[in-house]
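The structures come next, written out as structure tokens.
Look for subunit A in each of the two complexes below; its partner is subunit B in the first and subunit C in the second.
Entry: the complex of A and B
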């Protein structure tokens, strides 16, 4: 009881009583002990020689990687274009698939809470929980290496993400507007087009550019597993220890991501 | 014209919102529905167009039993009942014109409405109604740019473009200032008179109701507690509906009103 009475009969208020305070300090102590124990275990499993050597190796690679091999840029324009295409088309495809899934998953629009909603939620969770790199690995094995596998990987990973944010937006709409449209004698689809869609349009646009921005970043690494784009060049440069090329590719990726971020910020600013 | 027979609504939680409400509204009559919050006013109005499914009893409009209709028949019937809402319930991100035209959705196919290709006669009527409610130059504005009173006028135009036989009005003035409230109530009553429309108006403001309507029905805990002319509203009646309170200031003082009207006219 945080409220107690002292000997003079005055009421005393404390945030916690003695037992709660003891439990708190005990928990802190336990947390510190666990942290120290983990630290020790990691330390035992570490070859400290490599760690002490790390600055020298890093300096060595840095020395070889500089200056970037600018002439290699000629070979990067194609893969860079592929990367943008993968991200953009993958996002568009994902949105096409995510919209119906979102409507089936949203509690206020699903045709059946008992049967269809769980299926939609399962699609969302399963596509979201698998990283696009893993999707790409699978798809490279199935459809063969190349841009198409990357595009599919981006799309599959994005369905769940977009559908989840979209169905949350659908569940948060103002039901009064829907009610008003229903009261005019509108059909189910008309209620959707007039009562629901205008309300979720800003969210939809925001989600689209947000996901596109993320996908630009993700598509730069998909080449590492053979799914096309600039990552392919990165991998081959790493394999041949062509460090100046690696530097150039990293710079290019950085610029691509900055451009993506800039565009999505502009678009979002324009909508909201 | 509108008949409610033993209308009962029990919510799944067991709350009895309406109990055996029997009521007849003749053609062209504007009726106010008063009662404390939770008395079932909102439920009653929504049972008429079945936004809320009544548990038992029937709603009869011009001889047709609304409670017996299937989905298609219900949609056809809803076209003939215009509804006006407390918080206007406009689609905020659509333009005023789109909001008014949405009242025609029951008459227009999906693709025409989706592509906003409404028949010219509907568009003409929309302009006529916007002119009538005084918002002609606002047609292209987005609904969320308007003030409360203006939004409610759009809501009225949306209800009227349905070409309804009956208006269901749910707390039209609860979000408005006193002056705008009167203007909106006056507009609704004028339009009903012009078109010989019946209306059921839920309203909290007893004095405002007395000022404009010809009949007042009181609802208390889901049951009818009063049905009569505005002049028959007495302190006893209000105490019966709402509970003990000093009602002196609430009941319309006829002399004051007439003096005010004379002042406004001069």
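Entry: the complex of A and C
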């Protein structure tokens, strides 16, 4: 009973009894201890002199970085086009690969819940949990640096994301329509084409535009590991400490991200 | 459909209605899309000789997944993973602690207009900047090490959490909040008893989700020198030590799956 008595013997209402309170405070203590230990580890690994010096360094970099070198823009159109292509073609390729995976993973369309579904789910989880930069790192080692590696990285990373959202949409479809098509004597593929696909098409369009928007953001930095696009220019500008160029590139990236988000919001608004 | 229209349709085959009804728009989009794909694909020059050469390496990598090497670089892997976890925990805690006041400020039904605008500006700045770019800048300013990674992820967490928290607060039930206000509560009491209980379940769920995202992101911050497992992974790839790389990737996948499972349980419990 969460009731105790005060010195005069009157009962005091309490939200929790003693054990609950003890457990609560114990877990608070443990959480704070873990956090402080983590913080201590970070603190040990940090050169604090650099941190105290940071405002001066930041001001110094800021002073060098402004104004941006606008004339460098001539050299950015090519990489910008590459970045856009990586994001777009990567999304298209990912969608082609994600559709079969999604159909295999959805409970109501998978041929075998016992064998094929876990494999499809594993593909989804593993492609999703590896960041596109890591995919790019891997693909640069395999197919060599360039736009192609970036495109493949974007595509592989997006499979899991698109397939997950798509298979959830497939699982939520209205079974009545599927049954109606089946009742006409349609084959398995016809049921899919006329019973399931029309129901998930809006979700599919929404997912692809959503992922395209994310891919625009991600493809801007893939160049850092050698996978082409505007990140490559960023990397070389950083390496040569050409801060005015870095500023310009960051402005361009910010602009591209905002445009991508705007387009995706417009298209999704038109679909839904 | 009227009876007359139906009469006219008798005998004609049924056709699936198109997704885009306007034929002009449909064909423009189709041809434009096709032209773009042709143009884009032709602008990518793939060095097929290099790809063919790399395929054996790709195969080596895939086979490495079946014989991952956790041992020979075990010390580095362990240190890297530990650092990633440390960055994840600290940045999630600090990020959420900061994002609560900013989230309150970014909710239009609680905050006055000037506060609202400032908080929304912080949120959009944090969301527009890619984590890796922030990490590069912070590494340049604060030097190499986990501190830069911690600051990067805290900053990214602020944008994510504040936005979702603010949206949740804006959708809360006004009746409860007003009931607390009617008892003559102070502003702080109002937030504590009127608003906080309504958004707490979602806040806990989102925190778990963000913990998961932060771990994934902390795995790549090492590529730009901001601490964590990424540096070890990068070295493994550079040396073509695919078995070590496979081991690291497996650890990342398993940790992410475990975190996702855990956050699923916790979210199911609080919601």
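Definition applied: the second predicted complex is superposed on the first by the 247 of 272 C-alpha atoms of A that agree within 3 Å, B and C clash if a C-alpha of one lies under 4 Å from a C-alpha of the other, contacts with A are read in each partner's own complex, and residues count from 1 in each chain.
In the analysis below, a residue touches a chain if its C-beta (ideal position, glycine included) is under 8 Å from a C-beta of that chain, and two chains touch if they have at least 3 such contacts.
Owing to the predicted nature of the structure, the values given are computational and were not obtained by experimental measurement.
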Practice task
Based on the superposed arrangement around subunit A, label subunit B with subunit C as either clash or fit.
Solution key: clash
Exercise for the section: Quick one: classify A:251 as touching subunit B (first), subunit C (second), both or neither. Expected result: neither
Exercise for the section: Return first, second, both or neither, reflecting whether A:265 touches subunit B, subunit C, both chains, or no partner chain. Expected result: neither
Problem - Contacts of A:57 with subunit B and subunit C, given as first, second, both or neither - result: second
Practice task
Scan A:116 for contacts with subunit B and subunit C and give back first, second, both or neither.
Solution key: neither
Practice task
Using the touch definition from the top, say if A:201 reaches subunit B (first), subunit C (second), both or neither.
Solution key: both
Problem - subunit A residues touched by each partner, larger count belonging to subunit B or subunit C - result: C
Practice task
Report for A:177: first if it touches subunit B alone, second if subunit C alone, otherwise both or neither.
Solution key: first
Practice task
Would you check which partner chain A:29 touches, where first means subunit B only, second means subunit C only, and both and neither mean what they say?
Solution key: neither
Exercise for the section: Quick one: classify A:189 as touching subunit B (first), subunit C (second), both or neither. Expected result: first
Exercise for the section: Could you tell me if A:220 is touching subunit B, subunit C, both of them or neither one (first, second, both, neither)? Expected result: second
Handout entry: Set intersection of subunit A contacts, subunit C complex versus subunit B complex
Key = 194, 198, 201
Completion exercise
As the complex stands, subunit A meets subunit C at residues 34-35, 38-39, 41-42, 45-47, 50-51, 54, 57-58, 61, 81-82, 85, 88-89, 92, 125-126, 129-131, 133-134, 137-138, 141-144, 146-148, 151, 194, 198, 201, 205, 217-218, 220-221, 224-225, 234, 238, 250, 253-254, 257-258
Practice task
Note which residues of subunit A are touching subunit B in the complex, please.
Solution key: 174, 176-177, 179-187, 189-190, 193-195, 198-199, 201-202
Completion exercise
In their shared complex, subunit A is touched by residues of subunit C numbered 16, 19, 36-37, 40-41, 43-47, 50-51, 54-55, 57-58, 61, 82-83, 86-87, 89-90, 93, 128-130, 132-133, 136, 140-143, 145-147, 150, 216-217, 219-220, 223-224, 227, 230, 233-234, 237, 240, 245, 249, 252-253, 256-257, 260
Exercise for the section: Using the touch rule from the top, collect the residues of subunit B that touch subunit A in their complex. Expected result: 49, 51, 75-79, 81, 83, 85, 87, 89-94, 98, 102-107, 110, 113-114, 155, 158, 162, 168
